[in-house]
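Down below are the structures I want you to see.
First subunit A sits with subunit B, and in the next complex the same chain sits with subunit C.
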Partner chain A sequence: MCFKNLPVEFDAQGNAHLKGGVADPYAYQPREIKRDKLEELLARNGHIKDVSISPVTRVAGALSFHAVADLQERKFLDANSIATIFRGYEVILKGRDPRDAIYISSRACGVCGGVHSTAACEAIEMAFGISPPPLGTVLRNLALALDFLYDHPLHLFLLAGPDYSQVVVQATSPAMWEKAQVTEAPNAEVHQFKTIGDIMKGLNPLSGKLYLDGLKMTRTPREAYSVLFGKYPHPQTVVPGGMSSTVTITDFNETYTRLQKMIDWTKRMILLWDDLTEFFYEYNPEYKKVGARDANLIDLGMWDDEVSYDASYARCNEWGEARWATPGVVMNGELVTTKLQQINLGLEEFVEHSYYENWTQNGNQRFRTDPSGAPLSPNHPWNKETMPKPSKESWKDRYTWDTAPRWDRQVVEAGCYARIWTTAAAGLMPKNDFMEATGHSLKFHMPKTMLREMDFEWQIPAIWNAFERNRARAYCMGYNLMMAYTMVLKAFDYLRKGEDKVSTKFEVPMGERVGVGFWGAGRGYLSHHLVLDKGAIVNYQIVTPSTFNASPKDPFGNPGPYEEAVLNTPILEDFDKPSEFTGVDMLRAIRSFDPCMPCTTHIYGGEREIVREVNTCACSAEG
Partner chain B sequence: MMVLVSGIGYSNQSDLSFGRVLYGQMAEMSWPEHVHVEDLNFGPIMIYQWLEESPVKYDRMVLVGAADRGREPGTLEVYTWDGVLPDAAGVQRCVEEAITGVISMENLLVVCKHFGVLPEDVTIIEIEPQKEDFGLEFSPAVAARAGEAIELVRAEVMKAERR
Partner chain C sequence: MGEIPEKHVGQAGSHEQRASSTAGLPDQVGNVARRTMEELAEDIVASQGKSKFSLGPLEKVYVFWLAGMSCDGCTVSVSGATEPALEDLLTGSIPGVPLVVLHHYVLQLESGDHYIQTLVNAEQGKLDGPYVLVYEGSIPDENLSAGGEPFAGEGSLPLWAGSTERRRVSTAEWMKRLGPGAAASIAIGTCATWGGIPAAYGNITGSMSLMDWMGKDYRSALGLPVINIPGCAPVGDNFTDAVQAILLFLQGLGPLPEFDELGRPAWQFSETVHTHCVRAGFYEEGTFAREYGDKECLVEIGCWGPVVQCNITEKGAIAHMGGCMNSGAPCIGCTMPGFPDKFSPFYKAPPGSLLSSNASRLLGSVVRNLRRISQRERNREIRWHDSVPSGWAMEKGGTSITHKILEVFYEALQFQGAKRPERDPQKKFPAGYRSLPERVYGDQDYQVLPEDRAKKAEKRA
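Coming up: the complex of A and B.
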């Protein structure tokens, strides 16, 4: 039984049905947000401070954050995460040819390369009843491993990294900086930074070696990606049923060469994040509370097994569990499911505190069940309708353009760390030469290049906080790299056997069809839910990792992950007077999620008419 | 003297796409050998890395773009970029925006200058937009100056040849 809150039970064969005797099984009574006490405290006490950060810098896109801090007690009393722009892709896609979703939804993000294109393709494949030939799947996997090799260093060294740099640490905790300069880094022999202070210096923005190397290192995976897929970040070569690239052994050789270039750098990077994390814990164990939450995580898995994947909903549990990253939900640190169908059934979106109308109030629920006959909530994306309703910002009422996605009505967070966690815990990874999921860890072997061959093991942590998110992301670099490496070797095998087909023919069906792309972005969970009829999109719903992480409070009174992480964060920085307060601990908590907010503003002013657009996508040469 | 020519902007933003659209037109034209017309809309960080690796070192850059500066719509101005960088925090902000997907003339110039790959001489040919909404077409005031803007680019690159 994976659900605690939803009214769904499973029989001995694993078939889901609604619990008997419940008149309106998905009904709920929204809880009111009470702020009277807080308002009183704010009015009465000088040390209770309203903290508004708008925009939060060093994140992708438009995020604002409001918190109430008690500077005397050194804690946060309230937190509100605010997505300040409306994406509206769901509205734009209505009525279009489903294939448009691949190229239009891709523009939802200017950082990730092709993750939305691929999720859209998988949704279309399910709806069309097609799947790629083996090399097509391998190629797709390779693309989305290369993408993350760009994405993770960008976060670790350019976005979150500066929070741990000399300039920030020296200003907010001078005693720690003193200590860091005389603390030897345990893994200095590999990463070549003698002290923790040297690592912090390396993280200084614009001038530090790690910052500059991180910037430089984003180039190599992007080059490899472009060799295989034409361009980054919006490939034109991701098509339903595979890829439209023509690939040769030379292309894979070029990719292989670039992967080799990244191996030693990745070894160093993992170990220096280990050293940095342990230093903070040792300096002050209170840092373990920065960004802390219960380990409640969600991931859809990704990187399909080329033999098992047939895109069907009926077999999604089988091909999902065969993936190179295993789907899963973790509640309180325990893996509660690895079945894609269960993850899908548990998903609901709520808009009580968002600038949207509640679509369930019109009483027309499009789907009572999923394609396998299992019960589906009216709040499920297949039933959702995007109905923007701009209104005044109010912490008690509505304050964000983000929705509140929940799983089994519980708050879960998404991230590459969820992916490595569910994969490690499930122990289902296909057998291969480089990686092994043990049930409590993910081990990977990195071959010799200039540095010796090395073995790494990411252990499922006992605590969950900002530092563990960053550490896990560093280990994900190794996981992604060896995943890409494995896919290149597989591609060589297929080409050697003469199996060079990468796409499948298809026709657009005219009847009503549904599909879902269960996939992942650099920052974790990504789903595209699709409904087609008469060859056109009737409904399209995207849930991204930041939809989960940046979400507002839900109707059950639970704060979203950023909000909860900030509420659990102690204020550890040094300051004598309120004007010296920088909020660095809060920012460390928020940035550890690698926020990626919607990249494009589309304000809807009529049927598919965009009346204002502020586009921040690196859309490269659009045709 | 080698000259790099481009137009900067997003697609489908009416007058704000002036640089992007004119780049497309210029890429189809014949230019003297010392002039390279390139798409520089694929992200300032990638462009700085591309310039750093490029075997051709450019002495001059001529860029076309649109900027809302409160002038009469359709006003076309030619000026030399002063090359003044913002403070370190401002540069860092440009880098952050660039890596997270923002494309703009300012970001491109600041990032490339900071990393030491920008040619010494940068000329900007800039139009005052009227229509900034989504759209494939320029407003009449801007459309009327498109040909002239390309002629200005041509005049600028020929100045370079004479040097």
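Coming up: the complex of A and C.
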């Protein structure tokens, strides 16, 4: 039984139905946000500080953050995550030829290059009733493994990395810098940075070796990606029913040599992040609380098994569990489901604290059930009608362009770490030479390059915080790399067998069709929900990882993941006067999620005109 | 490559070194290193000592990167550039090119007001160098969001001087405030250059391009209209290439960079992507891809290349590698002002191809076959007459009479007005001298394969 809060039960055959005897099963009463006490404190106390960071830099896209900090107790009392951009992408998609969805939705986010086009493609394949030939699927997997090999280093060394660099540590915790310089790095023999201080120097922006090498290493996978898939971001080789790459031996050779370079570097970098993490824990165990949350995670899995994947909704549980990354939801550290259908049924989006109107009020619900007959919430993306209601920023009412997606009405976070977690915990990864999911860890073997062959094991951590997110991301580089390597070998295998077809013919259907693309981005969970009729798009909805992570409070009173992570973060930096407080611990917590705002705020605008309430905006003032 | 000896950076990290440019702000929130990225870059340069001679008047240029309705794809592209590479520009490592002090929300060390302060300083003319604006993403019509939160905001400012209340500032407003004082304004990517997808049919945010927003009369401090570097995403190198060309020109070193009538770097965008396409030859011979993955010309499965101005097939996507058609992707016109609506629906053959590709199919069927004939002869060594010693296939030695006759005419044309290579070694020596082949083989034709020679000798015997 995977749901705790939703009124859905499963019978012995696993078929879902609504619990009996409930009049309005999905109804709820929104909880008010109370801030009276907080405002009283703010007015009275000199050490209670209203912290507004606009913009939060070193994240992709436009994010601002507001918090109330108690500088004496060294904790946060309130937190608001604010998305500050709105583009109305899905209204542009509405009423268009479905073939446009792939390239238009791709442009929702240019940070991870081809994830949206692939998710759109899978949604279209479900709606069209087609699926790619085996090599087509293998190529797609390879593309999306290479994609993240650019994405994770970018985050680790250019976005999050500087927060752990000498210049920042020295400024916010001089004693730690002293200690770091004399602490030997346990894995120095592999990564060649003698002390933790050397690692921190390496992370210095613009001058550190790790920073500069990290930047260069983001290019290596993009070169391979461009050779096989044209360009990065927004590759135009993703087509319904496969890929349009013309594969040649040279393309694969060029990819192969780049993988070899990455294997060498990745071996070093995984151990380096291990060393850095353990140093912080040892220096002050309080760092284990930075960005801490209960381990509530969601992922849709990705990288299809080329034999199982048929793009059908009816068989989505089977082909979902056959994926190279297993779909799943983790609640309090326990895996509660690995079934794509259940993950889909549990998904709802709420807009009580976002600049949108609630679409469920008129009682019209497009779909009462999913295509397999299981009950579907009126708050599910297939039923969503987002109606923008731009208003004044108010911490009690509405304060972001992001919505609040929830699963089973609980707060879940998405990330590459969720992907490696659900894969490790489920233990369903296809048999192969390099990787193994054990149920409590993910093991991977990296062959000999310049460095000796090495075995790595990412253990499901007992605690969940900013450092574990970053550490898991470093291990994900290894996981993705061996995934890419496996896919190159698989592609070789198909070419040896003469199965070199990469696409399937398709026609645009004229009837009503529904589709969903269950996929993953660099930051985890990604779904595209599509409704077609008369050869045109009737509804298009995108739910991205940062839609979850950057979400505001939900109607049940739960803060979004960034907000919750900041609320759990102790203030550990050094300062003498309140004016010297920088907020570095809170920024470390936020950045550990690898925020990506462009796709968070793709949002569909509905059919209404935008009507503004005319008032003055006061960002930091309570409205 | 701008790698700095690490000991210098250690010194650069001590924040007492000099007063920060954001020192006037009331608190340090967001200023995690207690110094800004700009100061860090300058410290790195300073740690290398003062240069004895200079190659031009400019020492540094500030670049403010603003984003509107953007996906960050242009930023990502530019981070991949290598000709020159971003890090070389940012560390002042290219002789003659001034230090580029980049102010970018994705890379900046500091957040919040400390990040915004440099923009304020620029507007107030307090910077110690000229600044360039780079805008990524389309510009929404913030009249539609008047009174509320802007569609695309960056940072917040006091509502009025001295006020504790603040308002979020739209990037469109930043553009208007900083535009007149900028040395140049560069629109990067198709959203900023032509509106792109946020400005496509059905857009509810009133999105438009930077040119549309700044107006026809806009001129930068150097008298330049908006410079446009289109592409979705653009080739990152097109941006750094253009920036370096402009900077070298301003230094009095490089030639004048030319721009076309829409403000595109002319050397990058004046030809169609088809001109340099690796598949253009297939088009010429009238052979077309039937399904995705085929190696031929992609026009009939949705490629708009012949009418699209772009250089990706020549320049590659990154480090001269990839490029849409190079790897099998049809061109969807993403560098063009008409993108996306004038190229939709994607994957459908452009109407013009009905005429043009059939014309080339007709001509190509003749040309292609003639070429195969001359190709066949050119695929033979001069000593392959009766047989070909390839162990790979049953390659025929002899050729048909028709082929031989055609080849006679072909060769006559080939050497018309030119000297045919002299075949007889005897004619290359003074009279009376016997060349080595003649001494060994007599006056028999020695330009044959050894095994054929044996056969010939047998025949003669």
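In the analysis below, the second predicted complex is superposed on the first by the 597 of 623 C-alpha atoms of A that agree within 3 Å, B and C clash if a C-alpha of one lies under 4 Å from a C-alpha of the other, contacts with A are read in each partner's own complex, and residues count from 1 in each chain.
Here, contacts are C-beta pairs under 8 Å (C-beta built on N, C-alpha and C of every residue); 3 or more make two chains touch, one makes a residue touch a chain.
Given the structure is predicted, the values throughout are model-derived calculations rather than measurements.
Examine A:Leu158 and indicate which partner it touches, taking first as subunit B and second as subunit C; both and neither are also allowed.
Touch partners of A:Leu158: subunit B and subunit C.
Have a look at where A:Leu451 lands relative to subunit B and subunit C in the superposition and call it first, second, both or neither.
It touches nothing on subunit B or subunit C.
Once chain A of both complexes is superposed, is A:Cys109 in touch with subunit B (first), subunit C (second), both, or neither?
So A:Cys109 meets both subunit B and subunit C here.
Would you check which partner chain A:Tyr355 touches, where first means subunit B only, second means subunit C only, and both and neither mean what they say?
A:Tyr355 sits against subunit C, while subunit B stays out of touch.
Subunit A residues in contact: does subunit B have more, or subunit C?
In the superposed model, C touches more residues of subunit A.
Applying the document's definition of touch, where does A:Pro55 land relative to subunit B and subunit C: first, second, both, or neither?
second
Does the superposition put A:Tyr225 against subunit B (first), subunit C (second), both, or neither?
Second partner only, subunit C.
Do subunit B and subunit C land on any of the same subunit A residues, and which?
57-61, 109-111, 154, 158-159, 162, 205-206, 215, 218-219, 222, 231, 233, 596, 599, 609-610, 612-613, 615-621
Would you mind writing out the residues of subunit A in touch with subunit B in their complex?
Result: residues 57-61, 109-111, 154, 158-159, 162, 205-206, 215-216, 218-219, 222, 231, 233, 596, 599, 609-613, 615-622 of subunit A touch subunit B.
Across the complex, what residues on subunit B touch subunit A?
Those residues of subunit B that touch subunit A are 10-13, 39, 41-43, 45-46, 49, 88, 91-93, 95-97, 99-103, 114, 132-134.
Subunit A touches which residues of subunit C in the complex?
1-4, 6, 8-10, 12-15, 26-35, 37, 40-41, 44, 67, 69-77, 79-80, 82, 86-87, 90-91, 105-113, 115-116, 140, 144-156, 159, 164-168, 196-198, 200-205, 207, 232-233, 235, 291-295, 298, 301, 312, 316-319, 321-332, 334, 340, 344-348
Would you pull the subunit A residues touching subunit C in the complex into a rising list?
The contact residues of subunit A facing subunit C are 51-62, 64, 84-89, 91-97, 99-100, 102-104, 107-111, 113, 154, 158-159, 162-163, 165-168, 170-172, 201-202, 204-209, 212, 215, 218-219, 222-223, 225-237, 239-240, 242-247, 251, 254, 355, 388, 390-393, 401, 500-503, 505, 575, 578-584, 587, 596, 598-599, 605, 609-610, 612-621.
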